[in-house]
Amino acid sequence: MAAVPSDIEIAQAAKLKPITEIAKEIGLEEDDLDLYGKYKAKVKLNVVDRLKNNPTAKYIDVTAITPTPLGEGKTVTSIGLTEALNKIGKNAIICIREPSMGPVFGIKGGAAGGGYSQVVPMEDINLHFTGDIHAIGAANNLLAAYIDTSILLKNPLNIDPLTISWRRVVDISDRALRDVVVGLGGRANGYPRQTGFDITVASEVMAILALADSLEDLKERLNRIVVAYTYDGKPVTAKDLKCSGAMAALLKDAINPNLIQTLEGNACFMHAGPFANIAHGNSSVVADIIATKLADYVVTESGFGADCGAEKMMDIKVRAMEKYGIRPDCVVITTTIRALKMHGGAFPAVPGRPIPEEVQAKENYGALEEGSVNMIKHIENMKLFGLPVVVTINRRTSDRDKEVEMVHDIALKAGAEFCEPIDVWAKGVKCGTASA
Amino acid sequence: MAAVPSDIEIAQAAKLKPITEIAKEIGLEEDDLDLYGKYKAKVKLNVVDRLKNNPTAKYIDVTAITPTPLGEGKTVTSIGLTEALNKIGKNAIICIREPSMGPVFGIKGGAAGGGYSQVVPMEDINLHFTGDIHAIGAANNLLAAYIDTSILLKNPLNIDPLTISWRRVVDISDRALRDVVVGLGGRANGYPRQTGFDITVASEVMAILALADSLEDLKERLNRIVVAYTYDGKPVTAKDLKCSGAMAALLKDAINPNLIQTLEGNACFMHAGPFANIAHGNSSVVADIIATKLADYVVTESGFGADCGAEKMMDIKVRAMEKYGIRPDCVVITTTIRALKMHGGAFPAVPGRPIPEEVQAKENYGALEEGSVNMIKHIENMKLFGLPVVVTINRRTSDRDKEVEMVHDIALKAGAEFCEPIDVWAKGVKCGTASA
Amino acid sequence: MAAVPSDIEIAQAAKLKPITEIAKEIGLEEDDLDLYGKYKAKVKLNVVDRLKNNPTAKYIDVTAITPTPLGEGKTVTSIGLTEALNKIGKNAIICIREPSMGPVFGIKGGAAGGGYSQVVPMEDINLHFTGDIHAIGAANNLLAAYIDTSILLKNPLNIDPLTISWRRVVDISDRALRDVVVGLGGRANGYPRQTGFDITVASEVMAILALADSLEDLKERLNRIVVAYTYDGKPVTAKDLKCSGAMAALLKDAINPNLIQTLEGNACFMHAGPFANIAHGNSSVVADIIATKLADYVVTESGFGADCGAEKMMDIKVRAMEKYGIRPDCVVITTTIRALKMHGGAFPAVPGRPIPEEVQAKENYGALEEGSVNMIKHIENMKLFGLPVVVTINRRTSDRDKEVEMVHDIALKAGAEFCEPIDVWAKGVKCGTASA
Amino acid sequence: MAAVPSDIEIAQAAKLKPITEIAKEIGLEEDDLDLYGKYKAKVKLNVVDRLKNNPTAKYIDVTAITPTPLGEGKTVTSIGLTEALNKIGKNAIICIREPSMGPVFGIKGGAAGGGYSQVVPMEDINLHFTGDIHAIGAANNLLAAYIDTSILLKNPLNIDPLTISWRRVVDISDRALRDVVVGLGGRANGYPRQTGFDITVASEVMAILALADSLEDLKERLNRIVVAYTYDGKPVTAKDLKCSGAMAALLKDAINPNLIQTLEGNACFMHAGPFANIAHGNSSVVADIIATKLADYVVTESGFGADCGAEKMMDIKVRAMEKYGIRPDCVVITTTIRALKMHGGAFPAVPGRPIPEEVQAKENYGALEEGSVNMIKHIENMKLFGLPVVVTINRRTSDRDKEVEMVHDIALKAGAEFCEPIDVWAKGVKCGTASA
């Protein structure tokens, strides 16, 4: 068997369609778009109104068992599922989160899938993309500047500096900025204060952008940001600081969802990227509102395990889409034989330290069974939302048929509607029978 | 006479042509462009090669007498001159600097001309535009992070932290960041260091972007950035830190010049915006290289007075364009009656404090004559470069004919080839006869 | 019964003997002293040599059960025991720790006993006393200055600033100095560094002063102070910094033990005051060396509970006195009915919040018995050192005879040689029969 | 001629009288003293009352021409003059400033005279002495802690942190503390603030201690210390902070003047040491009040040149002693041939760089004459206060007789009553004829 090329080789070898063509295929016109080069576009929010009488697509949420440092392949599965649905003639669109530039220059790779399950143009996605994260950073930091300036200019809002929770952000992993003192140098510069910088995607503005369903809603949500408390313990908001208007202006393009494509030329909305550990971990509401009016199936993905991103999908994101009637029709739980064995104690995983292939692949049915309780619990949890649950086994070359069968049986017994080994991992999509 | 609408009213009322149409009119094809929405595009650098056999345009540099806090109207004059040249049938393109977002939320207005001498789309220009400044900020801050990280990771380059001159940047006027201590919180974060943030346009990366004539040249110039010294007093560069490659990657789109339009639908390259006080104060070399191959006349502008921006044009920017044979054919010195009177002591000017119209307009021929020595010296200076000098009087409604004549005579006597009152100020372009 | 006067009223009403008289009574001559006013003196270390053939006193260490926020009265017991021994004709000297000025201006009272069991002159003791703590602060801070200066002056010792564990000190409770950044302002001032100030008595110099048995030993111990590590992980000492000589010069008077008196005019050496939680919690070795040559009985005190200060006495201080043959002959464990009840759960104690008398005094034999296991364990621990253990019940007015008897019986059963209720608490010494 | 021993050799070889003997010789009793070892004592302030009917001594202020980095010998002259007066049978006491410990470990030597004109015990003086500077440091830093604590505890005085001018002090030259940020680490520690540490003698508390004539006056002066301003621009004092009482308690011993002796066994009050550049530069008022009641002549010294310390003596210190009727009867201006030549341009002086003996000693009458205008002006200035002026030439071995005569003649011509070469410099006192 020939070696599988690297992700970047695959991505660079891809022959992309102009994004205007992708748009046309899903029913968007050129005037609906703001182009960013040839292969990226922002879709204007006013299409929502024009499409409002279209039928709403089936909405599939891809999540996972408790993830391991090795990665289980949620994005790979989501993309693979979208490709597969389109291959069998279903009109499917994928909606996923956009990555931070920060980690690109650090350890992690980009966040656009892998192998033959990728979205493109890869390099643009991993750099400035359409500027959303820069806009978020600018809005976040404008608010931070307003806070310190307000305190300096006689502090009319009576802000207690020790209560300020609003930090600045930078789109780079810059440890030296985590804990800083600002405002040194005397009255020209301000009152000194200990604060810090987070990575831009961790900004509350990112979470807000992902949840707002219109520019008005965005402004309303920005208004409500609490940045500090007064000396009397009352909250101080971005509205109190008269900053939310300027922030919304900075975000007026960022709120338009980004349209790109999968390696097989299917439409992908990649928009907003809140983390699941500190925010709600799901891509934007506006992308899903538009996508569900343009396709038969919309595949989206929730960060981390089902107990984190998928529950937040139900508890937070679904509520923000309530009036549009969008609610998952099915949950896909991604799993790997390898991860279940690890959860069963077959081998330990230390972040950043690779596990030799022979260790990962070693036969251990006991650990596999024991680790499967993790999967069982996630299935049970998801069923509590009244949703049909599909389990996909992201199959690796070294997985034994017997292992796959074992997990298959456990999943069905636990209440999953369906359990299918897929074979996207570095080999291309073969999971053609998945349906919802 | 009806009141002149405000700048923003004029800009918003403007009917823009699609940028693809503007491009076509100057000889660019759609594949030469990366669109950023409908009215902005980046022009790919590879057009330089295709156009290299075209004749080179006449190249006009607009500068000014020593500027006052009131502004003399260099940009207004440059745009007006471009409109005028086109109106009389000359094919003219204007190349100007792009503004910082920072000041937009502060005191100064945007930097896209004024009245009927503007370039558009105004709001986009004043916000994220095509992301150049974000890219510069990211590249600048990546280098800053590399410095602190290198020191933290056993300081292999032997950097003396007290010698670090490379500061971080932010695209907002944020006083609290001017003087900060970074790296607090222990070994996980770094060695504490006192440093600060500048506004992004003040980054050396901006100056470099404006001078580089290709991506390779950009990388070469980034390589040579000196950020600190070793304990032995040897310079430490971005190349030593192995950061310049990543910086160039971040700037790969930013180096492509931005194409927009004037209010009358003529082509404008707005690209790079180094300040004239801390850098060389002229728009990008690449924009001029392309523009001079597409037009009969290229009008550009040098920041501050002729002794600052225009001299730096000759000493720095022209050298970077030497192999392209681009060199000003004419220098335009902008002046106003008001500024000359102020230079002559008619009234003081304090930044930020408006001067009543009746004070500005008061008759004072003595002060006007005395202040004109400033203009005379600038004319003399520019003539030392062997260039024909044109003086334009940016005429205001309150200027007396006798004042204009007086300045006209002084200018010609001082060696200017030509002195013409123009009337663009809030009234539209009437300086139809200017020629070079 | 007349109200007992406050501690300060009792102290101020006391008629003190000149310290020269106290000295004479224990066999010291005027030339052995450096007077600090009329009632304080430092005893020169050279007396050790003159007295070396004197017999060595019995050495009694007063400690306590696990202390509560209410205080069990170790110092009160130690002073009372000394007064009592002298009253029955035994020549007894008390050796205790000197207090920090810091807490005087904070919550805690001074640390010179209470009621009629005090040492005097109280106010002097609680302010500058004989300057020992100022000298310790100066020596500590000189070393800190040497460290930063060495780094600034080309760092010849290759100190890694992030490893510096030596902090500065101040003899005031000054929270704002706990976490600071020093070295701001550029090369004239140094390399910025995050550090902090501790209270002076917490300095390692204090612990060293308490353990050194001569000026030479002091210098040797100062030499060995580790302040930081090199970039290669090797320790950097005060000797490496060539600072220990100057530190010793600053401490040349401080090492001489301070002589004061009890309220009944018996000699008290009050010298050095290391905390028991961060250091070894016992008064100075030199004071004990001298006192044991001048008295029949020397009473000293170990900070906190027996498991802390008294074990450190055995493990650390006794070793430093090994060549002088000084070793406790008896351990006194101080207890109160109130504390035992609290350990038994009768009522909770929150630092800083007073407990109403009626709550403290409430009958609760179950809790008293249960809490007594604390005392039992401390008795067992101390017996492991092969020492006779005496328990004293620091009796309060509200204690019931039956409670006292109960504790008495438990103590004897647990192996204490002797258990005696004493009645020093605000009433004067009555524990005349204690002996060792 | 045998080599003159070094200052420290001379000081250590000195045979000191017990300080009680010195006290007795000037009329003080043992109860008037608080001894600090055998050779230092503090004199209790209540002696003022007992001595108030004694006649008041003649009061001589020793100052200098504009000083050079080489030092002109004010203290040496003052001591020498005192020794001389006593040698000729006059009862004279010297009152001088006490030195800072800080510089001892830096460049400068101690400040107790030199050669055979010293006061002793030298080492004690240069280390902790009687703890005055420690007490001043503690009082200064207590106030600083009160300020930050007040701000932290809801800022009842409405202090604007950016207006705080009260800095902390340390009695060591510690550059790293000059510019610091305090209050890091969150609410437990305080509001961050940029501030710094000065050397203790530079504290305003030192200036106050030097001017107060009683403990009550001290408290009153402490009350009036302005440490900051409110947000409304009103001053905030130590009294407002309720800190002055505690400060006075810390200074209750420090206000008592210190009694030591000269090498020839004459009494010296060495008390308080404010710098002349930032404070008033004269020793304490209380020392002079007591000394003038105990002697026929009191010699004191004013820091820097006559235009600085001596004018501040007249304008500030004399006013604080007004009710005691103490006012200089004579001013002595110290000069050297060397300094006058330098003022005349004979050679430059750079602080810290020694000037070769042959350069200093080179014959240059022109420069000497030209430099003498400096002396002339100081003589004139001092005469404006209506005082007789004596010039002393602190003669060096290399001075030529003709040079000395020349200066002598110039001084008399300028209005000095008297001009005498003295020969104390490293040779012993010979200026026996000086009188006032």
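Details
Letters are used for the chains, namely A, B, C and D, taken in the order the chains are written, and counting of residues starts over at 1 for each.
As a convention for this text, a residue touches a chain if its C-beta (ideal position, glycine included) is under 8 Å from a C-beta of that chain, and two chains touch if they have at least 3 such contacts.
Owing to the predicted nature of the structure, the values given are computational and were not obtained by experimental measurement.
Common neighbours of chain C and chain D (chains touching each): not present. Put simply, the chain farthest from chain B by mean CA position is C. For the pair chain A and chain B, the distance between C-alpha centroids works out to 39 Å. Averaged Cα coordinates give chain A a centre that lies 72 Å from the centre of chain D. Centres computed as Cα averages put chain A at a distance of 61 Å from chain C. Shared contact sites, meaning residues of chain A that touch two or more other chains, fall at 181, 184-185, 193-194. Under the contact rule stated at the top, the pairs of chains that touch are A-B, A-D, B-C, C-D. Remark: chain D residues 154, 161-162, 181, 184-187, 191-194, 231 touch chain A in the complex. In the complex of the two chains, the chain D residues touching chain C come out as 34-38, 42, 101, 105, 127-128, 131, 134-135, 138, 141-142, 144-145, 148-149, 152, 168, 170-185, 188-190, 193-194, 246, 249-250, 252-253.
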